[in-house]
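In the two complexes that follow, chain A is the common piece, with chain B as its partner first and chain C second.
Moving on, here comes the complex of A and B:
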């Protein structure tokens, strides 16, 4: 039975559902000590002095580390993205700050103690003398001349700017029938993994070996980063990734905490554990998406866009070694989404502030790109009076126009956006919605439909960046028993890619699926690889698995052919049997062939093949262009999944409460290896999209104090708030992967944001309602509704007929009790 | 994280608990279900040296009726789910069960106690407006004796109550709703989170006392607004408008936070007060028992 394309349940399901996984906090070692971090309470301050004497005197405290230690014994943290390579400014970031803190949460000291509670209590004993410095919190003000500076040495607050130009935008705008402008803003958010970060370090001074367990997404790069910061040899470090309770990008190194924990283990001689608290997660793990867009768009009466200028202003927080700011780059880089707008100018301003740095979070800037394009398309629809679908159809890149180049130089591999939208409209009976809406209105209910269009570049490879590249490796091994082990350089944060690898290998080898075991996340077992991010797990890990499995298949086929007295090319293999094409009775068991290789190495059938059944292969992705062309542009995303979604919401006009009633997505991430697990990923992505658009918001006050450091203040939805999801797949294969897959890890998220805004607007056809800012809190929606002018000029706010239909009936009933 | 060492007591009787409170007073905190105290301690907002758990005092978890007095007596450590499931609560104070159903999530309702919620007195807690609307009393005890404090007087400000440091909440005493009908409405961003505003309405038939709507989440303590005039006028447009103006006037300076500014909170107080009132009136008219 062919396994690729089957809805196989996840290989790790039983273990994880039974609560028998091993997460980092389950790693308990003899004589283990605990570490706690002292973090800056100020957004920007000079450190005059740090006095650790009281902390050292507390019973149970083993060691206190400060910036003095870090600057003396450690080296700066290497950058996840190579900033100089792409013309960005960087900083030297040490694992512990010595002179100046730049955001609430930056590491100022660390305490190692006999237990967690003592370590945490001793933080209060450390006396730090801070001198407060001017705080930069508003990215617009931060760009003004004479603004206070986050990094005085930079001379301004701009980490990078880009001015990507295609065609002649001014001429196009001048020639367009109409030109409109707008401003929209996506909110500052974070991904809330149930398990926070955490690590355990163990130093064997005699073997000179550091073993490091971390809830990380990238064990091998982490090993390289640790070696650099700790100034030790890379092969002295063994990184083990236990089960990961959610990553979503935010567990990508290099953080301050990792080398501190490792160093603490080395200087104390004790195993040391650090487990992040939720407040630390909110203040230091990383934020994303906080972006303001100012656009000018020209268009003709037929809805065709002629000329687009978008200014992207991203507030990326303080500069560090983390790769999060790159999300703003990707937003600009992937504009104008899936639309063919020859005259486009994208102006990117990446602004630093005294806030927590951005770190990667699912969507990685593509979400913001999809959001602003959906808002622009809906804006054009409103102005032209054409249907929102008509505007999208009129401007899509055509299926035969690939490869297609964005103004940034990004090269889109393939796509069929019309096809996905066609499927969506059919699936939801788009034309029938107006009748449903009218029926709801008659009941006094306001429902609206919104459309989202997403373009999700995947498989990133940044020039000069160790961790971010478009290759990965896999080892496939067949044991004498015939059982198969796959070891991969990519990892799984719970998304199920291990199951996909088993399916791919089963098809190539012709073995039974249940005989396959997958091992990931161990730098001493697995081939060097870059872990999981950018939806690369199955795309690269699966392709590498396929290559390695094919090597073994070729060898086994040669042996089987000898056994069956047939030509290797005439053999097929499935479900643990090799057989001659067209003659299934001429067959030999998979295990019997394996047996020949191991036990009859010098026998008749195996004497012609190299002994052993193991192959390690690396897959190198195509469609990456790093050698810059004339404008200095490069293309670093090789695969471009996309999707169309539709959402139906009900809005309570009196309270601004929005309820999501239905969510439908047609996604296209190329070939789907396992539709069940892809659907599960999409459910999560849609939920995170809806959550970030409607509920979540990181808030700072003007002093740079974080106001949302608990889950009481940072509202996330649960299954209760979610509708049932309806998902359909379209498969436009990648021309660059052997099976055609493009990566679905981030798909489903980008189209939620604009779709929800559009749905709210659609629920009030009588209003000129413009939803511009996320999140869509009840307060904000209510405010937008009451200030929105009615199209008939009769005033502001929803027409009263639709705001309280239930009232007369109840009031009538009340007569009875008088 | 709770970093300080503390003394933990688990008395087996109310008398024993009162002795401990008399001895330790201000240094002690009472632990009911831990749904408020533990997060408060975890955040470092409370650092008691002594914690006295009431979880081993079985007499405190009893829900009983006093038929002669026409009151319902809910022990201080009755869990929210006890209140929700109790036939006595359903008979005498269904409005309270209505409110309890919205507290936190299932785990919180299994652990959290009515006494704990009342003592913690979060201004947006679900019980508070319901207790005020029901004209309930908080029965508190210490070695000095017993006090019966009307809910409207018990709640003073944000997390501030009339409870003295040596007192514990023995019981919540609720006059039976009788023929009055209640309704509870709340505005919340997601299930399980605290309300932005909430409102509990109790509508009494003509001649059997005042109708009232109590509103939470806008001020330090529940705000009660008399609805008798509006109800006796049949909740007509103008009577309802006057009631709404009274709600507005009763919320002069509503709270502001990340979930709602003052203007929004005031209008939401109005809308939820109206919705609760209309729902209660509708039930009263239809003769429904909840």
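Moving on, here comes the complex of A and C:
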């Protein structure tokens, strides 16, 4: 049975459903000590002195580490991006701050103690004398001349600016029938894996060996980062990734905490564990998406856009070694999304502030790009009076126009955006919605439909970046018993790529799926690889698995051919049997062929093949272009999944409450290896999108104090808010991966944001309602409704007929809509 | 202050020496090594630490271990005796892909159990409310809701085994993470 394309359940399901996974907090070592971090309570301050004497005197405290220790014994944390290679400014970031803290949560000291309560209590014993410095929290003010500076040595607060130009935007705007302007803002958010970060370090001074368990997405790159910061050889470090309780990008190194925990184990001679608390997760693990857009768009009466200028201002927090600020780069880089707008200018301003730095989070800037383009398309629809779908159809890149170049130099591999939207409109009966809406209105209920299009470039490779590249490796091994082991540098934080690898290998080898075991997340077992991010797992790990499995298949086929007295090319393999094409009765068991290789190495059938059944192969993506062309542009994303979604919401005009009634997504991430697990990932991505658009918001006050540091303040969706999802796949294969997959881990998120805004606007056809800022919390929606002018000039706010009716319970409304 | 408590955990009588400030979740994890109970926030918001205390779900990060003296505690490990006799709710989660990273799963399964113990035939809305104290960041709850619906059918005797809805393997083959 062919396994690729089957809805195979996750290989880790049984273990995890039994509660028998091994997460980092489950790692317990003899004589283990515990570490806690003292973090800056100020957004910007000079450290005059740190007094650890009282902490050291507390019974149970083993060691206190400060910036003095870090600057003396450790080296700066290496950058996840090489900022110089892309013309950005960088900083020297040490694992513990010595002189100046730049955000609430930056590491100021660490306590190692016999237990975690003592470690936590001793944090209060440390006396730090701070001198408060001016705080930068507003990115717009931060760009003004004379603004206070986050990094005085820089001279301004701009980490990088870019001005990507294609065509002649001024001429295009001058020639357009109409030109409008607008602003859009996506809010500051974070990923909230239910398991936070954490690590355990063990130092063997005699073997000179550091073993490091971490809930990380990238064990091999982490090993390199640790080696550099600790000034050790890489082969002295063994990184082990236990089960990971969700990553979503936020478990990508290099953090301050990792080398501190490792160093603490080395200087104390004790195994040391650190488990992040939820508040630490909110203040120090990383934020994203806080972006303001200003756009000018020209268009003709037919809806075709002529000329687009977008200014992108991203508030990326304090500069560190983390890769998160790169999300702002990707937002600009991937504009104008899936639309063919030859005359486009993207102006990118990446602004630093005294807030938690951005770290990678699912969407990685593509979400903000899709959001602003959806808002622009809806704006053009409103101005032209044309249907929102008509504007999108008029401007989509055509299926025959691939590869397609964007202003940034990005080269889109393939796609069929019209096809995806066609499928979507058919699936939701788009034409029938108005009748439904009218019926709801007659009952005094406001429902609206919104549309979202997402372009989600995947498989990133950044020049000079160790962790971020477009290749990975896999070893496939067949044991004498005939069972198969796959080892890969790609990791899974729960997304299920291990299951896809097993499916791919089963098809190539013709063995039974249940005989395959997958091993990931160990730098001494697995081939070198870069782990999990940018939806790369199946694209690169899966392709490498296929290559390695093919090597073994070729060897086994040669042996089997000898056994069956046939030509290797005439053999097929399936379900653990090799057989001659067209003559299934001429067959030999997979295990019997393996047996020849291992036990009859010098026998008749195996004498012509190299002994052993193991192959390690690397897959390298074919369409990365790092040698810059004339304008210095390069193409670092090889695969461009697309999605088209529709959401139906009900809005309560009296409260501004928005309820999602239906969510439909047509996703095109190329060939789908496992539709069940891709759907599972899409469900999660849609939910994270809806959550970030409607309920979640990272908030700072003007002093740079974080106001949302618990799950009561930062509210991720519960089951109550979410609907069942309707998913359909379109498969436009990547021309550059052997099976055609493009990566689906981030897909589904980008189209939620604009779709929700559009749906709320659509629920009030009588209003000139413009939803431009996220999140869509009831208060903000209510304010927008109150102040929106009526199109007939009769005043502001929803027409009374819609607000006066008694409103049925939302649960009832859900049932009615379904 | 150390104190000795006696309680029943997963059907087994236990005597445990605990600090009076210790939370139930830490006692289960650190003293009894029942690490299927996970901690995601420590403030009673996420529900990963959900266990049953005298037949009702509690967030074990918000219960002092000392307060469980004399109680009957059920954790995810108490739902089965071997991999071959997992609880129908667990089987349904496995068959319907009602989990991804697995961190919220033990708590989610116990909340589902409480729901189905009290209401064998819940509506979708009742299921959603029943698990609303358990946050999941991976699944969007879709397959969790279907898993619970599937488990309910089995527990009502309408189906002999979960998973009419997908064509996946009935049970998972082995996989390893190191460590």
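Following the convention adopted for this analysis, the second predicted complex is superposed on the first by the 806 of 818 C-alpha atoms of A that agree within 3 Å, B and C clash if a C-alpha of one lies under 4 Å from a C-alpha of the other, contacts with A are read in each partner's own complex, and residues count from 1 in each chain.
Simple rule for what comes next: a contact is a pair of C-beta atoms (placed from the backbone, for glycine too) under 8 Å apart; a residue touches a chain by one contact, two chains touch by 3 or more.
All of these numbers come straight from a predicted model, not from anything done at the bench.
Q: Quick check for you: in the superposed arrangement, does A:277 touch first (chain B), second (chain C), both or neither?
A: So A:277 meets both chain B and chain C here.
Q: Touching A:710 in the superposition: chain B (first), chain C (second), both, neither?
A: Both chain B and chain C are touched by A:710.
Q: Where does A:718 make contact in the superposed view: on chain B (first), on chain C (second), on both, or on neither?
A: A:718 sits against chain B and chain C alike.
Q: Which partner does A:240 reach: the first (chain B), the second (chain C), both, or neither?
A: Only chain C; A:240 stays clear of chain B.
Q: With both complexes overlaid on chain A, does A:683 touch chain B (first), chain C (second), both or neither?
A: second
Q: More residues of chain A in touch with chain C or with chain B?
A: Answer, by number of touched residues of chain A: C.
Q: Looking at the overlay, what does A:363 touch: chain B (first), chain C (second), both, or neither?
A: It touches nothing on chain B or chain C.
Q: Pick one for A:12: touches chain B only (first), chain C only (second), both, or neither.
A: second
Q: With the two complexes superposed on chain A, say which partner A:337 touches: chain B (first), chain C (second), both, or neither.
A: neither
Q: Across the two complexes, find the residues of chain A that touch chain B and also touch chain C.
A: Looking at chain A, the two contact sets intersect at 117, 277, 710, 712, 716-718, 720, 811, 814.
Q: Give the list of chain C residues in touch with chain A in this complex.
A: Answer in residue numbers: 21, 29, 33-43, 45-46, 48, 75-77, 80, 83, 86, 90, 93-95, 97-106, 109, 124-125, 127-129, 131-145, 166-169, 171-179.
Q: Taking the complex as given, what residues does chain B use to touch chain A?
A: 1-4, 39, 43, 187, 189-194, 196, 203, 205-206, 231-232, 234-237, 240, 258-261, 264, 267-268, 271, 278-279, 281-282, 284-286
Q: Under the definition above, what is the set of chain A residues touching chain C in their complex?
A: 6-23, 25-28, 117, 191-196, 213, 240-248, 277-278, 493-496, 498, 502, 513-522, 525, 676-677, 680-681, 683-688, 710-712, 716-720, 722, 724-725, 811, 814
Q: For a test of understanding, state which residues of chain A touch chain B in their complex under the given definition.
A: The touching residues are 116-118, 120-121, 124, 277, 654-657, 695, 697, 699, 707-708, 710, 712-713, 715-718, 720-721, 777-779, 782-783, 806-807, 810-811, 813-818.
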